[in-house]
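Look at the two complexes coming up: chain A is in both, with chain B in one and chain C in the other.
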Partner chain A sequence: MDTPQDPVARTAEEVQVFEAAKIEKKTHQTRMILFGLLILCSTIPLFLTLGVPNKPTQSTVDLYSTLMSVPDNSTVLLQTDWTLSTRGESGGEFEGLMRVLMRKNCKIALYSMSDAQAPQVAIDEIALLLNPERKAKGEREYKAWDDYISLGFFPNAEGETASMAANLRSAWTGKKAIDVQGQEEDVFQSPVLKNVQTIANVPLVVIITATNSFNVLIERLAGKVPVIALVTGVMGPESNVYYSSKQIQGLAIGMKGVYDLETMMEEGINSPGKDGKVAFEWPNHPPVAGFPGETNYGRGKLYFPTLHIDMTLMILAVIFGNVGMFMAKKRGNR
Partner chain B sequence: MTFSFPNGSSGLYLALAATLIVGFLAMFAMMSMPARWRRPVVATCTFLAGAIYVAYYLWPKPQAFGPRDIPQNFSESVGSYLADSVNVAGTISTALTTFLLGLGIYSLVRIHGRKLLRMQKDWGFSLVLLISMVAIVIFGYWSYWQTKFGPDAVKLQLSSNWTWVNYTNDFLFDGLLQQMESAMFSIIAFYILSAAYRAFRIRSVEATILLASALIMMLSLMGAVEFIWNSHLPATGFAANFQITEIARWIRDTLQTPGIRALDFGIGLGALAMGLRLWLSLERGGVSA
Partner chain C sequence: MNEHYTFWKMTAGVLCTVGLYSVLYRENKFYRFFEHIFLGLAAGYAIVALWTENLKEGWYDLLVGSQGTAGHSGPNGYYLYALLLPIGLMGYFVFSKKHSWMSRIPIGIVLGLWSGQQVQVWWNRYGGQIQDSIKPMVPTVWSPAFKPDAAGMDPKLAANVANNVYISDAVTNIIFVITLLAVLSYFLFSFDVKNKAIRGFSTLGRYLLMIGFGAIFGSTVMMRFSLVIDRMYYIWIEWLMNHVMHGKF
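Entry: the complex of A and B
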């Protein structure tokens, strides 16, 4: 940007231009400092394990209760509409959800209606993160075909979800997956879907999304089967509409939702711990057990302090911006 | 009605070939058809496809009617027929939508191929795009074939047995594509911070209300602030309404959600009107033009 070089301005107009340019230059410098602070503040907490106090919200309490009410060994449909672009939020939600479902030995049929890459991202998360974690603890690894299957990507969400609601078997006719012998078989032959006849046979449909793809799912499936949603912070306000009207049974929003879920996985709800004390109390709610001592904390606990610092930085940015504006106005008036 | 053939049977391949030929013939017939005949054909297909969904939505649904149950009366027969038809219409529309992916690839190759051949401005980016696309397609399908149908398919399920093809595919997908998506998305943080600093200004009463609401919502998301704020207030009684989480909840449930719901309602009405126009082929443009 060009700034007037002559410090001794001759006319009032030139003085104004010179002052404006000076303020603009200062604003630019402050912005660069803020960017530098953002990089530092966002990265340093990632190397520390800080326990920040947290009280889960009502929507996440409902989500956890619904999730824990799913019978063990049952089949859950998982619409996974996220990729690593939102891994901080969606990745944490996926990992927390999968840890709970895996501990309940639930079978999972995953698919995407929003992004062709999404099923592969979910499979990679299971294969490269969650299975090694289970193996290290001497637990059974989750196997494709026996424990989960990927139905792939459906490009026409509206038509496909309407078909799923009408007749699930017919909607997925012809879908194949590789069985444990390496043979291509119909997905309904797999242990995951062999007992599923209609959508009503599924105890829960879960959607993890970074877009508004929950709209179609809720419009077509809510009321026929319990639905819970795990969304990004950006999609929070829009999805809250469905939660407040009780069309979905639970909702986790953004990084706070991830940490809420992890907190309840560790502490349960109104559930006494080993010392007999209830770590997380929620009025008028039946006790729901957690998994104390297990690997419950992940991205939520890791990123929550960063969220604090970044929010603080944003508040400071707004304050500095407004102070700058008032100072510029004051100078202008003089 | 569903046609089914065993996997790998000659009947399956015959049906696939026949479907392909019929599809191409139908496409050729549509393209060579005079424009004045094309419109009624498209309008009829659109109306019939839409009518299935409308009828399925409006027709009473038989209670506890399983996919293997036999209809007992006229109402159940129609309901069952419509449920089957919805699946057929859904499958056809999914297949048609899939063509859009092919159309997207064709469009990308055409635009960037032309740019590359004519050495137009920034042709280097087009070259990178095309090489990346071809590489990920080749290694993607190669790796898929190896892990699903190859002689060592079962062995390759374990990453410790992967071949260089699987590693290359993993590097391209997880190592490059996904990481670059993350990097692109994380840049938004800088834009948000910059916008907060430069644009979020108290210039009017409305802006001040917006700023105050945003501040409360941000503070309510910070567990540490929530802990300190709420610890100074009782958990019950009138004063409990001034807990940061309660104020945020009030803003969300009383101001934000009804506002979004009103917007959604308006969008829904607009979509209904637009849907009716499309269904009845009243909308000008496309084939009607």
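Entry: the complex of A and C
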């Protein structure tokens, strides 16, 4: 910031400008202090092992039970409409979802209706994070073509989703992927889509999104196939209506949704653990098994306590800001 | 080699993150530089993806046919697909004053296709919500007040528990229906409402909307914080600790 000059021997207008510059400088300094505090509050907890107690919500309980009800080895359509710009939430959602689907040996056809980069982001997550994690535990790595395929980006979400609902094979005519021999082949030749004729052959469509593409999917696919959604916090309020009206079977919202999913992956629902005790009880719900002892916790457990600290900082800043403004006004009135 | 590549790739990510966050201090050239890189990369990537994943596979390959791979003979070309090109190109006549009428042809086709879907689309989106808005407000069971846990119950009894409307359910439904009607009454703009009760009801709707917007704002703030936290994780843990210090901390 430029240093304001001494106002001595200046006109009233110049003094006013000088005062305004002084206030602007002070506001800038305060803002910088707040940003500094935010960076500290967002960093330090990441190095500590903080635990926050968690009770999953109804919508994520339904999401997890729907996910677990998908038959092993079946093909799931995954509309992955997120990129690194929302990795904080969507990345955690994707990783949790994929860990469950991989443990059930499900085959995954992934595509995006929202962002050209989204399919590559998903492929990178599988290749750079999830596969090494499985390899380290001596589990089978997920292979492109055999276990998952990327159908790429569809820029016309409305038309494409309507086509998928009408005739899946025709909607994806001409789509190619690289097979195990390294050659381009029709995607319907792959083990992932070989037995899929219509959208009704798919037990579940999953959407991970930070955008309006969710509405388009509901408008064209809801009722034809079970749908679950994992959305960002911003999308939460508008997505909740679809869950409460049962247009979708389950919903995970933002960081809380990620942590809920991870909690149920570890504890299951009404499922007795090795010690015979039920870690997570949910009334009127049949038991759903978890994966105790596996790599279940990720970004949700790591980021959720940090988010609490950041929120506390914001609430304190709002309180102090308002108290300061109130006191300044009072002084001005005197 | 691979490790070095990953390191430099991640370092570039850190530089981009710091560059973009530098706008918090003030508008500066460093920020502008990374902003333009980001926009250029996104636009370039989208153009390539549009060709390779859409126009080539969904139009060009079908138009010219393909030789086939892995022992399979490919399909013959279907030259009628060529007709789509002039129709698509007509859209660009929107930039010409003299021939702009031609752009209305592809726009008309798209609008026609879109309009044809709308009845079904509207019902698919809102039908379920309208149906769900019709809720029972009178309890069918007065005691107990809350829905009991049906775990371990006889299946018939459990089904009864699921179907009954308990006092707590009825209260929830009443709050829902009042909120719905109050908010709807707030949007009665077509005529001047003079009735005091309705005006009071619509004021209630305004306050309830504000509560809703507050919740939406809260969710938005949480999302923004999550993004900052993730960036900090990327810089301090993924890059600094895992790649620069190789986990020696």
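Here is the rule we go by: the second predicted complex is superposed on the first by the 304 of 334 C-alpha atoms of A that agree within 3 Å, B and C clash if a C-alpha of one lies under 4 Å from a C-alpha of the other, contacts with A are read in each partner's own complex, and residues count from 1 in each chain.
Note that in this section a contact is a pair of C-beta atoms (placed from the backbone, for glycine too) under 8 Å apart; a residue touches a chain by one contact, two chains touch by 3 or more.
Computed from a prediction, not measured in an experiment: that's the story for all the values here.
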| item | value |
| --- | --- |
| Clash or fit (per the criteria above) of chain B with chain C on chain A | clash |
| First (chain B), second (chain C), both or neither touched by A:307 | both |
| Partner chain in contact with A:167 - chain B first, chain C second, else both or neither | first |
| Which superposed partner A:53 touches (first chain B, second chain C, both, neither) | first |
| Partner chain(s) touched by A:117 [first = chain B, second = chain C, both, neither] | both |
| Contacts of A:247 with chain B and chain C, given as first, second, both or neither | second |
| Touching partner for A:220 - first (chain B), second (chain C), both, neither | second |
| Touching partner for A:33 - first (chain B), second (chain C), both, neither | neither |
| First, second, both or neither for A:178, with chain B first and chain C second | first |
| Touching partner for A:144 - first (chain B), second (chain C), both, neither | first |
| Shared chain A contacts, counted only where both chain B and chain C touch the same residue | 31, 35, 38, 42, 85-87, 116-117, 154-155, 158-159, 162, 173-174, 176, 181, 184-185, 237, 241, 244-245, 254-255, 307, 310-311, 314 |
| Sites on chain C touched by chain A in the complex | 24-26, 42, 45-46, 49-50, 52-54, 57-58, 61-62, 69-70, 72, 113-114, 117, 121-122, 124-125, 128-129, 131-132, 147, 149-151, 158, 161-162, 212, 215-216, 219-223, 225-233, 236-237 |
| Of chain A, residues touching chain C in the complex | 28, 31-32, 35, 38-39, 42-43, 46-47, 85-89, 91, 116-117, 152-155, 158-159, 162, 173-176, 179, 181, 183-185, 215, 218-220, 222-223, 232-234, 236-237, 241-242, 244-247, 253-255, 270, 283-285, 299, 302-303, 306-307, 310-311, 314 |
| Contact footprint of chain B on chain A as seen in their complex | 27, 30-31, 34-35, 38, 42, 52-55, 57-58, 83-87, 116-117, 120-121, 124, 127-128, 144, 154-156, 158-160, 162-163, 166-167, 169-171, 173-174, 176, 178, 180-182, 184-185, 197-198, 237-238, 240-241, 244-245, 254-256, 259, 304, 307-308, 310-315, 317-318, 320-322, 325 |
| Complex contacts: residues of chain B adjacent to chain A | 2, 4, 7, 53, 56, 66-68, 83-84, 86-87, 89-91, 93-94, 96-98, 100-101, 148-149, 153-154, 157, 159, 173-174, 177-179, 181-182, 184-185, 189-190, 192-194, 196-202, 211, 215, 218-219, 221-227, 230, 245, 249, 252-253, 256-257, 260-261, 264 |
